[in-house]
Every structure is written in structure tokens, then in C-alpha cells.
Amino acid sequence: MSDDPFIRTPATGPVTPELQDRLEKIWETEPGLFGWLGTVDHKTIGIRYLVTAFVFLLLGGLEALAMRIQLSGADLNVLTPEQYNELFSLHGITMIFLYALPVLSGFSNYMFPLLLGSRDMAFPRLNAFSYWVYLASGLFIYSSFLAGALPNNGWFNFAPYSLREYNPGMNMDFYALGMIFLGISTTVGSINFVITLLRTRAPGMSLNRLPIMVWGTTTVSIGNLLALPAVTVAFFMLWMDRTFGTHFFDVSGGGKPLLWQHLFWIFAHPWVYVIVLPAMGIVSDGLPVFARQPLVGYTLVVLGTITTMMLGFGVWVHHMFVTGISTMSLSFFSGASFIITIPSAVAVFSWIATIWLGRPVITTAFLYFASFIVMFVIGGVSGVVTASAAADLQLHGTYFVVAHIHYVLIGINLFGVLGGLYLWFPKMTGRMMGEGLGKAAFWVTFFGFNLAFLPMHWTGLLGMPRRIYTYPEGAGWTTVNVISTVGSFILAAGLAMVALNVVQGLRRGRAAGENPWDAPTLEWAIPSPPPPYNFAVIPVIASRHPLWEERLDEGTGRSSLYHGLLLDRGKETILTTMLDAEPDKIAKMPEDSLWPLITTIVLTFGFSGMLFQMWWLTGLSVAALLGCILLWLWPQRSLEQTARPTHE
Amino acid sequence: MSDVAPQDKVVRDDEPDEIIDFRRLRVGSVGKGSSGYSGMVALIATEASLFGYLLFSYYYMAFQLGPEWVIELPGFKLSGPNTAILIASSGAVWFAERAAKRGQRMRVLAGLGSAILLGLIFIGIQWKEWADKSFTPATDSYGSIFFVTTGFHMAHVVIGVLVLAALFLWTAMGLFSSERHAPIGIGALYWHFVDVVWLGVFFTFYITPRLGI
Amino acid sequence: MPMPDMSWPDERSVSHVRDSFSLISLRPPRPILALSAGAAGLAAGPAQARPPMWFFDNYGAQGRQLEGITWGLLLLSVAVVAIITLLVAVGLVLRARRGGALRDDRDAVRRRDETGAMTAIYFGLGLTTAVLIAFTVWTMDTLANVRVPPAEPAFTIEVTGRQWWWQVRYIDPQNPERDFQTANEIHVPVGRPVKLLLKSDDVIHTFWVPALGGKTDMIPGQTNTAWLLADKPGIYRGQCNEYCGLQHANMAFRVFADPPAEFDAWWEAQRQPAPEPRSPLTSAGQDVFVKNCGVCHTVRGTIEKAQYGPDLTHLAARSTLGAGIIPNNEGYLSGWISNPQGIKPGVKMPAIPLSGSDFTALRAYLATLE
């Protein structure tokens, strides 16, 4: 029995200092430059995602402030039309693609293994790769600044204006190729989240015991896998039209401009749920911590999350209500757009019920989570208004929609993220952020945001179209625009205060300890910041709130948090079955590796070759890419992928 | 962050009354249970969507532009045998996978090698079919969608052949055994996927115009 | 009753426009969303002009249909936000406690009976569903009502969107010899529906006159159909609503709703080619025009078939220039001809350098194009 080296009975035991030291040596990142470039530690990668995403938030914010200055009066000439058009395009691209999902990926990357009781993500090298590609594609798109050819057709990039006939510069090529490039990161990242969820949970963590954020991220990752190829196809077709004279979208050759809109929105509508559902998950997990009450209606919220994502695939035509489609189409998609409100409303009722049933303590994080509820609803109702095709015939393309999208993007994504930041900063850094400054920053941010965007509903009713670089004096839009501009600067100031709060917390925050919030989930059972191996022993889970079990008296039995699988014979973690999380296999995890970075660099050369139409460079890069993948995936003995086991 | 006082390392033990009796578990990449296999399933889901959207584009244009849009009805002379070749190659891969489970190295090599050969023949025949077309990708939207869709498929076949070649190499080097051959199953899944996609492409481009769609 | 007017730029400087024109406000918009100072500005005294792109208190049969459900949805939205905000605020007031360290707050976590809370959630969901279904039905009903005009349109206006102006063709299906082409300004008869054929010559544009009805895209490669029916005489502003490039912001137009007799007279006048110049000055001006402008601009009777720029046969009768962005008077016209890029940077009309005498002659000629 013990002869077969591929099978063993894993040892169990308590957490001891000797075990912790041993695991630390096994799991810590290699020192020096090799470790910095080649680390596969999900926590490091998660923080990199967060930092990079916040940098893009800053850039996108500066772009917005420039636009708001230009719009703060009628017929101003602060920016030329070209500059404004490029700014609003880049603002959308940056916020929607380079900030909104990556920031959530950052939290998910950091948190998944901690929430699931695992030692790393399912594919650590792929994880590193997804970050490097994100960084490279973001830089690729922003390098358009150097070429003076920023994307200038919005983030939605409708044809035919995106075709070479109307847009001869490289602006569109940066965007099209950059998006295909970024799509690689999103795809592999999504694969990683899905498999991590399905396979690497701690024993006993059945699906009904998962935190909502995990449900949220996994659901949208599956959604990503199914939706993202639509936009990849669309951008590829666009690039082909521009580069090789194909005729997908160009009318003179039998192309259809509306094909672009269909493909784009089939992707982009699910995408908007991708960038809010995980944030809603953060709130669903964070609110109960401070409300001192588990989320009421957990199952409903999970079902609501999944249903929202699924229905999200069936409403894309509501972006095309005015393109001249049939009344039947209008009715169907309008109805579907109304229906999708229902599963997303579930969470709102659930959060309110949790507050009412619990005994909330008002911390900074809680302020973000509670205000989130109101702003979610404001964004939601403006969505309901435009879901009606009849109302949309007037409201489409006006600032009413701008108000809606910013309430859902800032109110849901950013406020959820900021709440998550305040919730998890102690865990990630071992320090607390100052509550005084935190609350002040919250109020400034909240006030500035609402001052900027609430009036925009009115601006839209006044008929101001979107995407215009200026407007005439007699339009009646001046006053509201001034108010929005003032609000945007106050919002910026609030975010600057949050940044200051972070910096002060890093420097001088008091020690957090393991569980400063007395929170219920697994990540609070380990030191702050977590050691490289996360869990010294793999816990066995018996309930949804392991750290509140005794007090809640839910479920049968008790979780075992400090006595469990040691898995200390190399970099190991446990794989469990999909539904009930019963132990299935011991997985070997890879060491730090430079292949993810090298592959990214090769890809960058490849895409640059396509951008400048240097086909030899692309050809070489493809060959090099194949080589990288071959060597990266070469079966390794240490990972127990080959015939000869490591332990004989 | 580094100067926070490390939490004291002490012995911690729940001393649980009952703990899961951990039975013997397999270690490392094993067959369909490996995370790599699950990863390939996810990759196939997204690639299948990609082809789904390409075919959506075809159907959208066909619906909007009518039967005259198909400037040259694609024929079966080359594509028919080619389809059979691809299906046969899946058979060869299935054979190789079965042999791998039994640790029969020569048979694995035979199966993989045949599949590679058949794949290359497929590529060659399709290349000829492309060259014979009266239109190019830049002729009009039909030409564009035809070549881009079959082109994407061709690219997946090429990658599939390279995957099979890598598996061939690793098998020949003796890296695998009846216990450890997960990459073969993973690569086989990919190859079967490429085959199924071809059936979808074939149906869309070669058969639906003849059905009056 | 004074004519509703929602026009700008400042009309007082445009000498040829009818006198019955004035800037008087109408019944002010219902202050539904008094959420910002903008609302206070609008609700101010009667000397204020109504915002031209405001679409409530609509003057078109289609627009009025859309008003009702839009108001309903907005009211619903305000109610929902108020209720939720109240629930959150009251919940916090009733249940929140002064914060201590949460670490020591362990006793607050305990098992609580969730039955009541779950009932509340189901109730909320049920109510939401019922309300949404009602609005779906209302939406579908409205859509059915606006699909076709209440009567058969008497004639058709074909509008082709072009970067960044509007090519307009009037089509009389009964008498094709009455068809004519114009640009950037549309006249419609009050109380009679008009069919719109919307096309584009280059990229996607959108035709939108908020005070009369909803918007419809103009997509190259296809023709979209819409309809307009103005209930009251007046001047209504339209603007392009789909980003179409550099000067999307400055692609506007005007719709004049004329009493039927006036409208018929307008049509007859527009049909006519331009009169032959009578004086030496205007004759010289015509030569200048043919040499410098005739490549792009048609003036029926002088230059035909020049399709790059707007038809200028009746330029002097138009109230605005540059696609609705500046008034059509001597000063602005001169500015436009000598430096279009200064007014609308990126516009496809180049600046044409002309000598002083040529310029005077040209202006005189253009003034004859009534």
C-alpha cells in the first residue's frame, strides 16, 4: 500500500511553530530580482493588480477632470475637439477595462485562497501571467500617447467611424490590438478563478458555505469566458477591415455596421455585470461583519447573482433601441431589461434586512457598504427608466445615461472597492487605517460624487447629448454642468484623502492582529499579513461562518481551523470534489518562474508587430510564443506530472 | 509592512472531537481529475464561444443580405474528404489516449503520429481549397467571413498539431506512464474540440446555403 | 397664444425671421427632480426661455406619447429611492450602536430569527416584480402607439446624415416633379404627419428633435423610417445624437412647424431654382461663387449636382448656418466663408481666400438666394 509513491495518506496535526517555519521556507518567494519578477504568490499578484488598477483609476480620473473643465462653461476652448474626443474615449477605456475589472481581480486574487482555505490559486503561473499581460496591454494602449494617436471613437468604438476611411491614423489600431491583448489576461484570469473555486476549496467547504464574493467572482468569470470572445472577434474583424481591406463593417463591400454593435454589446452588456457583481459580493460579505449578523437570505442572493449574470446575456439590444429595429424586438428586449432588475433587487432587500436584524457598528467600511445600498438603487432605477424602450427613445445618448452608468460604476464598483479596502487593509498589511480620516474621506467622497452625478439625471432630461465637446449658451445646460464639475473636483479630493489614509495606515497604523473586526470568514483565522503559505494546516470547514460558529450555533459540528492537513512535503495543497468539497487529490504547486513574464514580453512584441505591420516581428513572436508555452508546460517531475515520482 | 510585530508563533490546536479520516489520496496531475484538465475544459468553453460568435456573424449577414450574398457556393469535393480525415484523426487520438492509460508507449506514438499526419493533410487540403476560391477576404463581406472563420479554425488545427507533436515528443522521451499521462488526455480533449468546431463550421458554410438559409 | 419657441442662437439679431417670434417661457416644467440648482433655474420667472432640448410638455404627437411613461418611470424612481433610503436610514437609527472595538464586541453576534426578515424580502421581491410587469406592459402599449403616425403621411422627407450636416430631400410621392433638395433646416406643416427616411452617407448619425419625438439612428447601408407630427407652430431644435467624429457636438438643425398654408408656400418657394442675378455686383458674385464654391455647393439654376456640401439654393431663407450653430446674418456668414475652421474646427469646408471686392460681390449674390 505504501509502495505506490503516487498515493499517500496525508498527515494531519496541529499548528506548531516548527511547522510554520518549515512551510515558510517551502513557500516563500525567491529573493532578489528573480523572485520579484517570477513570483507566483497570489497575494503579491493581487496587490500588484490593486496598485496598477488604482493607478489607472487615477489616470482615468485626471482625464475626467480635464473633460469637466472643458464642459464647465458654454463654448469653452480649454480643449480642442480632438483632444476632448480622445480624452472621453480613453477615460471610458481606462475605467471600464483597465480599472473596473482588474481592481476586483486584485481583491479576488488576494482573497480567493484565503476565503477557500487553500494555499494558492489553481494555476499560480497562469496567475502571474494574467497580471503581466494586463500591465503590458494597459501600457500598450497608453503608449498611444507617445504616438499622438489616442483612441478617439469612445470605448464603444462604433463602425464605420472606426474604419480606416474615417479614422486613418493608428488610434483605432492601438485600441483594437490592445483589447485583444487584454482579453488574453481576462480569459486566463477567469479560467483561474473558476478552477480555483471548483477544485481547491478546503475540505468541508461545500458550495452553500462560500462567501458571496466568491460566488460573484466565479459567476462573472464564467460569464467572461462566454462573453469576451464576442469582442475579441469584433476587434479582430475591425483590425482586419483596417489592415487587410476585409469588409465586415464597411458598407461598400457588403459589410454591416450593426454587426459591430451586436458583437460589441453581446460582450459589453454582460461585462457591466462582470464589473459589479463581485463588488456586490464584497458588500454582501462585508456588511454582515459590521452588522454583526450573517447575511439574511444567502441562498436568494446566490441565486440572484447567477440569474443576473445569465439574464445579462439576453438584454444587449437595449443599447440599440434607436437603431431602427422592429417593435417586436423593442418589446422583447425592453421586457428582458425590466426582468433583470428582479434578481439584482434581491441583494438590496437582503442587505437592508441584515441591517435591521443586526446591531450595526458604524465604521468607515460600513459607511461605504451602507451608502452603497442607496447608490445601487439610484443606479438601478435609472437603469429601469432606460430599460423602457419608450422612455429610451428620448433618453438614449443623453446625460441621463451618463448619470446611470456612473451611479452603477462608481456607486457600485468604486464604493464596493473602497469598502473592501477598508475591510481588508488590516489583513493585507497587518495595520489599521485611521478611522477619523477614513470617515472624513468617506463623507467628502460621497458628497462630491453625488454632487457631480445626481444633477446629470437632470442634464439628460434637459436633452444634453453625450460625447459632445462643447455646447451653446442658450441650451440651458450651463448651470448643471458647472455643478457637476464642482462635484467632480470634490470627489477627487475625497479620493485623495482616501489615498492619504492608506499611506498613513501603511506608515503608522496600529497593529491589527488576526481579526480586528471579529469577522466570521476564514481569512481572519490567519496572521495579518498572511504568511506565504496562507494556512499552516488546511482547515476542515463545517459552516458558512467558521469563526462565528459557536455563537451562531449553525450547522452540525464545528470547523477545525488549527488542526488539519499538514501537506508539508513540498509546495502542496488539497484538491476537493466540486459540490461537497470532499478531499480528492493532493496537488503540487509550481515554484517561482520567469515564463509568465517572458511569454508576456514575447506577446508584446507580437502585438507591436501587428500594430506597425511588421509581419516578420509578429511571425518571430509567434514562433517564440510557441516555444515559451512548450517550455512552460513541459512536464515537471517536481509537480508529479511525470512517470517518475519525486518521492521514492 | 515588515516592521509589524510578527504574531507570536505558538502551538494552536482546535483539538476537534472528530476529524475527517483522510484516506489515501493521489498526488499530482492525474487524468481527468487534474486541474489542468479542468482548465482545458474552461479554455474550450471560451474558444467554443469564439466560434459561436463567428458563426453568429455569418448567420447575421446571411439573414440581412439574402441568398445572393453567397458569391460562390462552397463545394464538397475537397471539404467532404477533409471532414472525414479530421474525424479519423480524432479516432487516432482516442486510440492514443486509450493506449496511454494502459502504458503502451508504442501504440501511443502510433496514434499520435497518425493524428499529426492526418492533421497535416487536412491543413494541406484546406490550403488548396482556399487557393481555388474565386474570391479573397477583401472581395466582399462573404469572402471576409469565410476566410476569417475557416482561418481561425485552421489556426486551431495548427496549434492542435503542435500540441500533438509536443505530446509525441514527451511520450517518446519516456516522461509518461500509465499513471501519469495527464497532458495526453488534455491534448486529446483539445483535438476533439477542434474536430467538433469543424463540424459546426462545415455545417454553417457548406450545408446551410443549400438548405435555403 | 404666443408661439412656443425653443430656439437659439439669439434670434433678435436675425433680421429676416418673422416678427411673431419671441422668447417667452411656457408653462414651466413640473419640478419633479428638484435635485439640483438647475431645477431652480428653470422654475424661475417667465422671462426665461425654455431649454430647447427639453422634451416634456412636448409639441409633437409622438413626443407626447412618450411623455407619460417617462414621467411615470421617473416618479417610480424617486419613490423607490426615497423608500430605500428611508429603510437604510431608519434601520441605522434604530439598530446602530456606538462603535467600540469590534474585537470586544463578540456578544453582538448571535443567532437571530430570520423568518420576519425573509418575509420582508419576499414581499419586496413580489412588489418589485408586480411593478416591473406593469411598466413592461405600459412600455409595450406606448411602443405600439408610436409605431405609426395617427394618419397617413402626406409626403416624405429624406434626411441623410453627413459629417457634420444634414442633407434634406423633400419627396412628394404623388408629384415627383415637386421634389427638391435643401440642407440643415426642415419645415413641416402643423397637424399633418410627415414620413422620415433616415440615411447616412458616411458614419452613424442620429436624427433627434426632442420637442417633437424620439430619436432614430441614421446608419449607412440601410434606410430607417420614422415619422414626425408637430401639433403647434414653432421652431424646434434638433441635434445629432450619435458620436460621429470631430464635430459631432456642432451638428444641429432646426425644424419649423408652419401653419399649412405657409408651409405650402414655403415648399413652392424652395422648389424654384435661384433667380438670375440682376445687377453687375450680384452677377460678379455669381462668378465668384461658381469658381470658388461650385465644386461642393449646388445652387439650382447656377450649379447643379455638386454634392460635397449643402445645397445653397435658398441660403438666404435659412435661419442658421454651419448646421444649426450660428445665426444666418451678414457678420456670421462672412465669418463662416472666410474662416470656417475657426468656428467649427475640422469641418470639411476649407477657408477660401478672397479679395475684398470678390467677397462683397459674393455676399451680395448670396443675399439674393431667398
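Lettered A, B and C in written order, each chain numbered from 1.
To be clear about the criterion, contacts are C-beta pairs under 8 Å (C-beta built on N, C-alpha and C of every residue); 3 or more make two chains touch, one makes a residue touch a chain.
Since we're looking at a predicted model, the values are computed, not measured.
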Most distant chain from chain B, judged by the mean position of its C-alpha atoms: C
Chain pair that, of all pairs, has the most C-beta pairs in contact: A-C
Identity of the most central chain, Cα criterion: A
Rounded Å distance, chain A centre to chain B centre (Cα mean): 28
Between chain C and chain B, distance of the C-alpha-averaged centres to the nearest whole Å: 52
Chain A and chain C: spacing of chain centres that average the CA atoms, whole Å: 38
Junction residues of chain A, two or more chains touched: 255-256, 513
Partner chain A, residues of chain C touching it in the complex: 8-10, 33, 35-39, 41-42, 49-56, 63, 65-66, 69-70, 73-74, 76-77, 80-81, 84-85, 87-88, 91-92, 94-97, 99-106, 108-112, 114, 117-118, 120-121, 124-125, 128-129, 132-133, 135-136, 138-140, 142-144, 146-147, 163, 198, 202-204, 206, 208, 210, 213-217, 219-222, 224-225, 239-250, 325, 345-346
Residues of chain B defined as touching chain A within the complex: 1, 4-7, 9-20, 22-30, 33-35, 38-39, 42-43, 45-47, 49-50, 52-54, 56-57, 60-61, 64-65, 69, 137-145, 147-148, 162, 166, 170, 174-177, 179-180, 182-183
Residues of chain A defined as touching chain B within the complex: 1, 5-10, 12, 14-17, 20-21, 122-123, 126, 187, 190-191, 194-195, 198-200, 203-204, 222, 225-230, 232-233, 236-237, 240-241, 244-248, 253-256, 259, 262-263, 266, 429-431, 506, 511-514, 527-529, 540, 557-565, 574-575, 583-588, 626, 630, 633-635, 639-643, 645
Chain C-touching residues of chain A, taken from the complex the two chains share: 80-82, 85, 153-154, 158, 160-161, 166, 251, 255-258, 289-290, 292-293, 296-297, 300, 322-324, 327, 330-331, 334-335, 338-339, 341-342, 345-346, 348-350, 352-363, 370, 373-374, 377-378, 381-382, 384-385, 388-391, 393-398, 454-455, 457-459, 461-477, 479-480, 483, 513, 515-518, 520, 548, 551-554
